[in-house]
Structure formats: structure tokens, C-alpha cells
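Here chain A shows up in two complexes: once beside chain B, once beside chain C.
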Partner chain A sequence: MEKKPFLKPRTVSAVKDFVCVLPALVFLAIFTYYPICKLIQISFTDWNLLNDRWSYVGLKNWIWLFNGSGTKHLLNSLKVTILYSIGELTITLVGGLIFALIFNRMNAAFSFMRAVVFVPKYVAMSSAAVVFLWILNTDNGILNYFITSLGLPAVDWLGNRNTALLSVLLLTGWRAVGYGMMIYLSAMIGISKDYYEAAALDGATAVQRFWKITIPMLSPTTLFLFVTTFISSMKVFQSVDILTRGGPYRSTEVFVYKIYLYAMEDFRMDRASVIAIAFFVLLLAITASTFKISNSSVHYDS
Partner chain B sequence: MKKMLAVVLTAALGCGLLSGCSGGSTGGGAQQAAQGGSSGGDSAAPAADPSAYEVTEPITIQWWHALEDQYSQTVSEIVEDFNNSQDLITVEATYIGSYSQTNEALVAANAAGTGLPAVTVANTPYVAEYGASGLTEDLTPYIQATGFEIDDFGKGMVDASSYGGKQVALPFLISTQIMYYNKDMADTEGITVPEKWEDMDSFLEAASIVNNGTTERFGTIIPGWDQWYFETFYLNQGVNIINEDNVSTDLGCDAAVGLVKKFREWVDKGYVNWTTMDSDASSNMRQAFIDKKAFSVVHTSSLYNTYVEKCDFEVGMAWLPGGDTKDQEIGGCVLLIPSKNDQATKNAAWQFLSYLCSKEVNMKWARETGYIPTRNSVLQTEEGVEFLKEKPAFQCIFDNLDLINPRIQHPGWNQLATIWKNYMLEMMVEDVDISTKLEDMVEEINEVLEDA
Partner chain C sequence: MSGTNANSHLERELAAKRKKKIVKTVQYTLAIIVTLIVMFPLYWMLSSSVKSQEEILLLKPTLWPKEIHLENYANVFNRINFGKYYYNTIVMTAGILISQIITGVFAAYGFSKGKFKGQNLCFMIVLGALMIPIQVTFIPIYIMCANWGLSDTFLGLILPECISPYYIFMLRQTFMAIDDSYIDAAKVDGLGRVGVITKILTPMCKSTLFTTTLVTFTNGWNSYFWPKIIAKNEQRRVLTVGLAQLKNTFAGQATMNNHEIMAGAVMAIFPVVILFFVFQKYMLTGYSKAAMK
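Up next is the complex of A and B:
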């Protein structure tokens, strides 16, 4: 009689699988789930980051955020962050696609030009921001030098509420457009030529081919770029910190910068934590909605 | 398999949640890492026994500072001199960044309980929050045990580095608000720098050049990036920035409204440039003065040497125009020892700290930068006279040393400052109703003060 194994093969396989993913789970538990839990806990306390002690204050911080003086700051940061995200998404998706169409030629000259457009992505944000500080300087910046050469008045790029966010987006665009271009280019190369040949035989114009073939076939890439760019744009911090410090008068005070100000400058870790949680939930909801909507509008070439 | 993974994942999340919520009102967050000595304000000060503060073993300690490249030579010389002056302590100086960045690094290290420096600089407004939270070591027993001459500092400086009656820091590089002006221009054009607020109108009219609505030369530039530069105008008009009840502000009173409207009037006339808060606002302001596009600027006295080196004209310094009073406030930085360090580190830190605050080192800083000599024994002696021969512009500071007061200390001060400077800039630049804006600002500040 054949001896029955101590564990069923399926169980052994499951244990093996679990052991394989255990290191990742431990890592996630320590560096992701634990901080999130801690953040939720802090949101119910009066911790100021400096003290070793705190007291629980119930829903006080949440009331401050949603029904107190924090509401207008929340709404302002929400508005600024969304405006920034729309700007960065537009630059990355639309700008990247346009650049990809322009630079979609496979020869040495175009390879060089693509490299030139793409390289800013690998320039450290801090270094790039310092360079942009010089470029955008009101009195001595090169941008204003050209503007005034044309007889136009100098613009206070970083000091005016109407141009400050645009200035931050200029820096972002300079770094991001090449990345969008490269991702779109690699996706364009993967689109089968058969579609275009068949469409051409049917008498489709170049514009029709672009809208009916290229755009739909690029939709998985667009979804990928949209989600990754959206999440990274919502987390913008460094460029704002170096260029505008959230000013003038809160016009570039994006979410993460606001969290930083509350935690590190005002020593209000309690308030920083409620904003961080609200921000986390918002990001989660928008990302989930995006995936839900994309199920019906993204086309995969399979 | 999926079920099992889901169960394990849920269990892991649950464990995280439970452990995350395990801290209580009696303690959580960073664990106390102190291995000896006092812990800020929580424990009783040790007895003033000198042997308890001696360094007996070789030790290497870290000094965090915010002194930029222009001061690196001085920093190196001072640290090298200290290291060579004894055998046991080796100091490693580390430039952390601006005062704000140093604060971030210190607060993060304190919360983590590791990686703390033995000694660090801190901008004067942080003293209250650090002192209240027990982040800083109470230096009183060290002072008593080693006979450190604390009384040789001006009262304002001692108060600025104390909290709740405890000496939680020592004055290091001290400055104050000052009006730099183009002395050559003043002499040539017969412009008198104002001593009183009432003189500002005539001064600005004389010092500014405005043609067809375009300003060719500002009478003065006021930094909008830090309320420290304009708060003294309020204080000297009798405005309580924080009322005695500690939970409300008087920044909406008639005198305060009058001040804002006056500033706005000067901005509208093109006499005053109220700077923005972006990163290069300070360098832009300096450049405008150097390029003679401004007759004067309000700035910190610590930049005196920088202005003198860059300007091709004689730089004058004037006390800010006063009102009912002509008080000013301390700026610059103090030195402190984080209380979570072990006692051996604290003892070594104290030796280095007392060396940094010694008269000789302080005078080296004063000569090589624009920081003020902090010791009474310098100011009232031949050394002070010698110093003034080298830097005659400092006479206005020496004449008013007793009027340099400590900063306002309140746990909600940083929040108040952020709100105030944002509203001020908006009221100076945008077409807004000043009274309405001030009402909003006061409401916001009061809420912060009540909750601090």
C-alpha cells in the first residue's frame, strides 16, 4: 500500500509559493503597511513630531480638515495639485505623442535628436531646478532677457500667482516630454504595418489612419503613461520646494509640500497626517477609477 | 493558494495595524534613547558637580551647522584649533544646509532617536518649540559646574536662548534687522535715513526715483519671505503680535491695519519693493542694492561683510525707524545639545560648545562676518573700540544693543509666521480689500494659537 504523504502536493506547493513571497510581504509590512497604520494612529493624536509623548484627541484633526480652518487649505492644495497634474499629463501625453510623431524616423540624425530631447529626464531635479531659477530670474534671467528684447515687459515668473505654477510646469515639461516621447515611440514601432496597409488600400487618409489606428493601438501605452504620470505628478515636491516654496501666497502649495510644511515647519504632525491620509485615499480612488474606465476604452492588439 | 495568500496578507496587515496602534498616551513615537543625564525638561537637573561633566575617554563628535561656503575657512580654522587644543575630543563639522534644512534633519534624527549630532546650530525661532518639547539638553547644570560666564552675554541673548527658565541653548552667531543704505548716494543727494516711522514718507519720496509710474530706484526693499524683517515695525507701533492671553493676535487692530495700508501705499507709489517668497528673492534684493536700483534694503546685519565686498560704494547701516519704541529682535542662531545623546557625548559637546561661544571665537566670527560681538566684556572695553574702528557702520548696533530683544516664544509661532507672511505678500501685491483680508488672517491665526 502506497504511503500517504504528510502534506498534500497542493499544500506543499502553496507553502513554497508563500515562502517565495514572504520576503516581499515582510518588506511591504515594515515599510508600507506599518507606516500607513502609524499615520492613521497619529491622525487621532496631538503629536508634534518633537515630543516623545502624545494624547489622543479623537476626531479633532479630522474636524479641522473637513469642517474647520483646514478645509480651505485642503481645497487650495487640491486645486493646485490637480491643476499641476493636468499640466504635467498634458505635457507628457500630448507633448510626448507630438514629439514621438515628429521624431519617428530611424536614422542617425534623429537618434541624436531623440537623445537630446530625452536626456533632461536624467538630470537631477535639484540641479535642473537651480538652473531654472537662473533662467526664470526676473531681473537677470535669460527668459526675461528675450522677452524684454522683444519690447515686452519683464515677467515675475516665480513671484506672480498667475505664472508661478506655469514656471514649475516649464521645468517639469522640459524633463518629462522626452520620456513621453520615448514610451510612445517604442509603442508605435510595435504597431503592425498590416493595419496601415489595409487601411491605405481601403482609401483611408493619413489623418484617418492616425485617429483610427495609431491612437487606439497606443491606448495601453496611454493608460500606462496616464497612471504613472498622474501618480508622480500628484506627488510633486522637489521642484516646488526649490523654485517657489509653495508661494506666492499658497498658489503653488501642492499636497505633498503642504504635508511637509505642517510636519517639518509647523511641527503639526497630527495635521500633516490627516492631510496625508486624505491624499492617499484620493490617489487610490482616482487610480481605481482610471482602471475601471480604461477596461472599456483600452484596446490591446491580441 | 489565493485564499491562503489573502489570509496571510490580511494577518500581516492586521498585525501592522495592531502594532501601529499599540502606542498610548503615555508614550509612543520615538523611543527615549538617552542613556544618561537629563532629558530636556522632564527630569531634574543634575547637581553641579564638575566631575560629572568631564571627558575621560577619547571621543569623536559631530557638529551640525548652517554656515555656507563663504564661512568654510573660518569653520575649518575654528574646528582645527579646538581639535589641536586638547587630546580627547575630535570634532567633525558637517554643513547640513539652511536653518530650515538643519531643523528638518534635527527633528527627524530626534524622532528616530539615532544619528543625532552632539552639537547643532538652530535658528532663534526654534528655541521655544525645541525647549518646550525637551529636545534640547538643559545647559544650566553644565554652566554651574564649569563656571561658564553666562552673565557676560547681553540679557536679550540669554533670554533668546532660554525657555521656561532653563538655558536650553547658548547664543552663537547673533544678528539683528538693519537697514543697509548707499552712503555715497545719501551724502551726494542729501538724503536723511529715517529714525522714526513718521519720517518714512519724506525719506521714501527723496530716496525713490519714479518716472511715469516706472520705478527706476526704490527707496527701500522689504523682504516678504520672512516676517522677521517687518514684525519690528508692528512691535514698535504697540501691536501685540500675540496677546497676553497667548491664544489671540492683535494683528487686526487699527494700528496694524494702518501699517498695512501705509506699506501698500508705498508699494503702489513705487517707493517700496515688497519682495516675493521664492528661492532667489534674497539674492535679487541684494543684487538690486548692489546695482543701485534701490537706495536701501532691510536685511540681517550678518550680511554686512557680503554687502561691503560686493558694493562699489560705501555701505551704511541704520537702525530701523521706530515708533513708540525702537526695539528690534535677535536673529541668527544658537547652539544646543540634543538631550537624547549619551552623557559622554554631551560632556564632549559641552566642551566644544563653550569653546565656540567663548569670547575669542566670537570675536573671530564678528571680525570675519557681520555677526555681532555677543560678550559685554568686549563691547565695553578696548576690544569693542578696535572692532568699531574696523567696522564703523556697527556703531548703530552698539548704540542700541539693549534694544535687541529675544524673539516671541510660542509653540504656534512658526504657523503664525507662515500665515502672516503669506497674507502680507498677497495684500502688498494683489488688488484685495485689506480689511477683509486682515479679518481672515486674524481668524486663521487665532485658531492656530488656540490649538498650539
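Up next is the complex of A and C:
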């Protein structure tokens, strides 16, 4: 006689399928979602790692951030981060597109040159940063050597508040531009030749073809690069940490660096938490608004 | 009449050819200049790394090293625990890779070929995690790990990185593209879930698996933010963090020892750059696949 199974086979199968995804869910609960909740809790306390105990202080940290001595730091970080993001977006999108046009020729020599332009993306930021520290060095750096040999005064690249952020961008841009180029190139190859031939028959010049065909056809790629670069540039930390440590005069004190300073150097978990939450809300708002743009203004080739 | 026509036709063709040649020359020139500029920091890293101390301190920098000083490389190991950092980076990267692959493959299977109540909701939980970076959540994670005694340990370095929503998402998309009939046939042949994953899905998606894993490898090897927070002490310091601190180990005299710092920088990027040139084709598709979604 056949034994009657305790559970229906279909239920067993569903449970087994669920078990496959369970580790990921448990992990994300512990290391992603729980910390967000915890962060909100900390923001209502006076938690300082140097003290043994902490207590709830209500909205004190929030008032500090939005209507107190923290406000100017928040606004400064907001300004610096946005400026930095604009810089990195310009380099990745505009620079990437220009590079894609320059390197758009399919032979062995160009393939090699493309590889060289793309490889900085894989060079660890810390290695790249120490090289840029060396190149940008005020007294012995080779960049200042070139500048002074042209008869111009030496520039204190990292020590001057007007050039520090630019120097950070020089480093991140060096790593990002080849990536932008490669993404644009692979999209350009996908554009059908028919469009260009038809346009050429109609007498369109190369410039017209670029603006009327290439640019619109690349808009999904541009959007992808825009969204991913924007979000990742908001999270900039490492280049700032190694090149300038937020200075001089807070001119490179981006959001993540500010959070890091409060948490890991001042041990003010309370203040670090409120800024972290503000930063998180900003990231969500940017993501949401870029998706809105994507639905209205991107041209998809059907 | 027809003669002049043929002439002007020929002239036009010649003009077009000349124009094409000019475009080609300009393009080659620009490409070579741009390549040289982009390559310069890497060249400078390499050439400084073999110069003597007197040579890097010359007021007029030498483009090509006068003598080759390979002992700079050995000196890096004497000055700091470079070998230790290398070892730490390798173990951390391997740990992250293995755990991300195993958890990623199983979760991707569950989300693409599995069937259970609340599947969509669970997948939204994974996608939502993509929007919560560790730069936001590191404070509670750090407190948690420190309470568990994970500061300056491999587990502390690996644990917060051991599942990647990005990896799960990419693999799920690839698994979705595989027809269910393969899996049904395998099940009829008596393969369980593990068998289906290891014998059917993984081999069929080799290239995506490989490219995504390459991206994971370079991200792990180059990671900086979390290792800097959780492994502050010498014991479990990784290469990226150790290198950044190399400039501080000479007490404000970084310039004096830039030849050795550059030697360290070269050694730190060596494995990834080699991988890049070997698997160049895959390196790009790893990213551009994400771009297509």
C-alpha cells in the first residue's frame, strides 16, 4: 500500500525553492534593512562611542542638523558633493562620448589604445591616488614642473581650496572616462547603419547625422550612465580620503567623508546617524527623480 | 562634354578620398595623444618605482629612469608588512567571491526557476537592497560587528559583503532566459535542485557567471571603505588601506620615498591589471550587460 505523504509534493517543492533564497533574505535583513532601522533609532539618542551609556534625547540631533550648528556642515557637504557629482557626470558623459568618437575605429591599433584608456577603471583607487599625489606634488610633482617650465607659477593643487576638488576630479575622471567611452562605443556599434545611409542620401552632413541620429539613439545609454554615475559619485569617499582628507577648509568634505569623520574619528554616532539618514533620503530622491526622467524623455529604438 | 563630366567626377572622388585621409590622420593623431596622456600616470608609477631616491628628488624630473633599481620593490616588504597585506587581501577577496557565488547562484535559481508564495515580494526585498549602500548603513554594521568581536578579523571583512543583490539580480536575469524544458527534463532524470543548478544552469550560463564574477573579484580586491573601518590594525589590514597609509609611515616625508610607494602601488594593482588584459573582452561585457537592462 502506498504511503500518503505528510505534505503535498507541491508544498515540499515550494519550501525547497524558498530555502534557496532564504540565506540571501536573512543576510539582507541583518546587514541592510536592520541597520537602516537601527540608524533611525541612533539618531534619537546621544550615543557617543567614548561613553558607556546612552539615552534618548528626542529630536536634539535633528534640530542640530537642520536648525543648529550642524546645518552649515550639512549645506557645505551638500554643495561639495553636488559640485563633485556634476564634475564626474560631465567627465563620464561628455568626455566618454568624445572619447568614443575619437576611438571609434575597428582595428588592432585602436583596440589596443582603447584597452589602455579603459584600464584605469581597474586600477585600485588607492594605487591611483598615491600616483596622483606624486604627480600633483607642489614641489617635486611633474605637473608643476611642466607648468613652471612654461613660465607659470607653481600651483598648490591639493592645498588650495580652489583647486582641491578639481584635483580629486582629475583622479576620478581619469578612472571613469574610459568606462564612459566603452559603454558609449558598445552602444554606437549597435546603431543600425541604415539610418546613416538614409540620412547621407538625403544630404545630411556628418555633424547633422551626429546630432539627429547618434545622440537620440544613444539616449538609453546616456540615461544608464547618468543614473549609475550620479548615484556612485554621490558616494565618493576613497579619493577624498587619500588625496585631501576633506580639506583644505572643508572644500572637499563630501557627504560620506563627513559621516565617516563624525562616526570613526569623533565617535559621535548620534550626529553621524542623522547625516547618514539625510544622505540616504537624498539618494532615494535622486533615484526616484531620474527614473521619472527616464520614462518621459528617453528614445528607445523599437 | 562627356570628357569634362568624367573629369569632374574623378575630381570629386579624389576630393572625397583626400577628405577621408585627413579625417583618418586627425583621428589617429588625436587617439595617440589621448592614449599617451591617459597612460601617463601608469607610466609614471612604473618609471618612478625603479628610480633611485636621488633621482626622484631631482628638480628636473627624468622621463626615463637613469638606472633601474629593482631593490625598491624588496624595500617595500622591509618597510611595512606588505606581504601580510597581500595575504589579507587575497583571503578577503576569495571569501567574498566564494560566498557571493554560492548564495548568488542559489538565490537566482529560487527567483527565476522556483515557485513559492511571496516570490515577488522577496525579490523586491533584494532589489530594494541595491538602493541602500554600505556608506549609509556602516555605523550600525560597524557597532554590530565590533560587538561580535569581528574587528580586525577575516570574518569581519567578509561578512557584510558576502551577499550581493547585484550578483543575484544579474544571474536571475540570465537564468530566466533558459527554457524551463531543460530543467523539467533534468528533473525527470532524477536531478534535484543542486543537480539542476550545478549541472544545467551553471554550465549554460558560463559566460555571464564568469563576467559577473570578474566584476565581483575586482570590486573585492579594490575595496577600501569597509576594510578601512573594520580592520584598522596592522593584523588584518588590506593592500588598498595599507598603501594609502604608506604615505604616512614616513612621517611627512612621503616625497622622499615616492619611489618605494610607487613600487607598492605597482604590486597592488598587478593581479587585476593582468586579469584585465587577459580577459579584456569579458571585462567590458560584465558592465555593458548591466547597461542593457
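Heads up, the rule we're going with is that the second predicted complex is superposed on the first by the 274 of 302 C-alpha atoms of A that agree within 3 Å, B and C clash if a C-alpha of one lies under 4 Å from a C-alpha of the other, contacts with A are read in each partner's own complex, and residues count from 1 in each chain.
What we mean here is this: a contact is a pair of C-beta atoms (placed from the backbone, for glycine too) under 8 Å apart; a residue touches a chain by one contact, two chains touch by 3 or more.
None of these values were measured; they are calculated from a predicted model.
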Original post:
Clash or fit: what happens to chain B and chain C when chain A is overlaid?
Top reply: clash
Original post:
Which partner, chain B or chain C, touches the larger number of chain A residues?
Top reply: C
Subject >> Touching partner for A:27 - first (chain B), second (chain C), both, neither >> reply: second
Original post:
Between chain B (first) and chain C (second), which does A:38 come into contact with in this model arrangement: first, second, both, or neither?
Top reply: both
Subject >> Which of chain B and chain C A:267 touches, first, second, both or neither >> reply: first
Subject >> Which superposed partner A:186 touches (first chain B, second chain C, both, neither) >> reply: second
Original post:
Which holds for A:139: it touches chain B only (first), chain C only (second), both, or neither?
Top reply: both
**OP:** Figure out whether A:69 sits in contact with chain B (first) or chain C (second), or with both, or with neither.
**Re:** first
**OP:** Would you check which partner chain A:53 touches, where first means chain B only, second means chain C only, and both and neither mean what they say?
**Re:** first
Subject >> Touched partner set for A:14, first chain B, second chain C, both or neither >> reply: both
Original post:
Counting only touches as set out at the top, which of chain B and chain C does A:106 meet: first, second, both, neither?
Top reply: neither
Original post:
Which parts of chain A are touched by chain B and by chain C alike?
Top reply: 13-14, 17-18, 21, 25, 28, 33-34, 36, 38, 133, 137, 139-140, 242, 264
Original post:
Along chain C, where are the residues that touch chain A in the complex?
Top reply: 27, 30-32, 34-35, 38-39, 41-42, 44-45, 48, 56-57, 59-61, 103-104, 106-107, 109-111, 113-117, 122, 125-126, 129, 131-133, 135-144, 159-160, 162-163, 165, 168, 193, 218, 221-222, 224-225, 228-229, 239-241, 243-244, 246-247, 254-255, 258, 261-262, 264-266, 268-269, 272-273, 275-277, 280, 283-284, 287-288, 291
Original post:
What does chain A use to touch chain C in their complex?
Top reply: 13-21, 23-25, 27-28, 31-36, 38-39, 42, 99, 102-103, 105, 110, 113, 115-120, 122-135, 137, 139-140, 142, 145, 174, 177-179, 182-183, 186-187, 221, 224-225, 235, 237-238, 241-242, 256, 259-260, 263-264, 269, 272-273, 276-277, 279-280, 283-284, 287
Subject >> Touching residues on chain A, where the partner in the complex is chain B >> reply: 10, 13-14, 17-18, 21, 25, 28-29, 33-34, 36-38, 40-41, 47-56, 64, 68-69, 133, 137-140, 156, 158-161, 164, 242-245, 247-250, 261, 264-268
Subject >> chain B to chain A touching residues, read off their complex >> reply: 1, 4-5, 8-9, 12-13, 15-17, 19-21, 23, 25-32, 100, 103-104, 107, 110-111, 129-130, 132-135, 275-281, 284, 287-288, 411, 414-415, 418, 422-423, 425-426, 429-430, 443-444, 447-448, 451
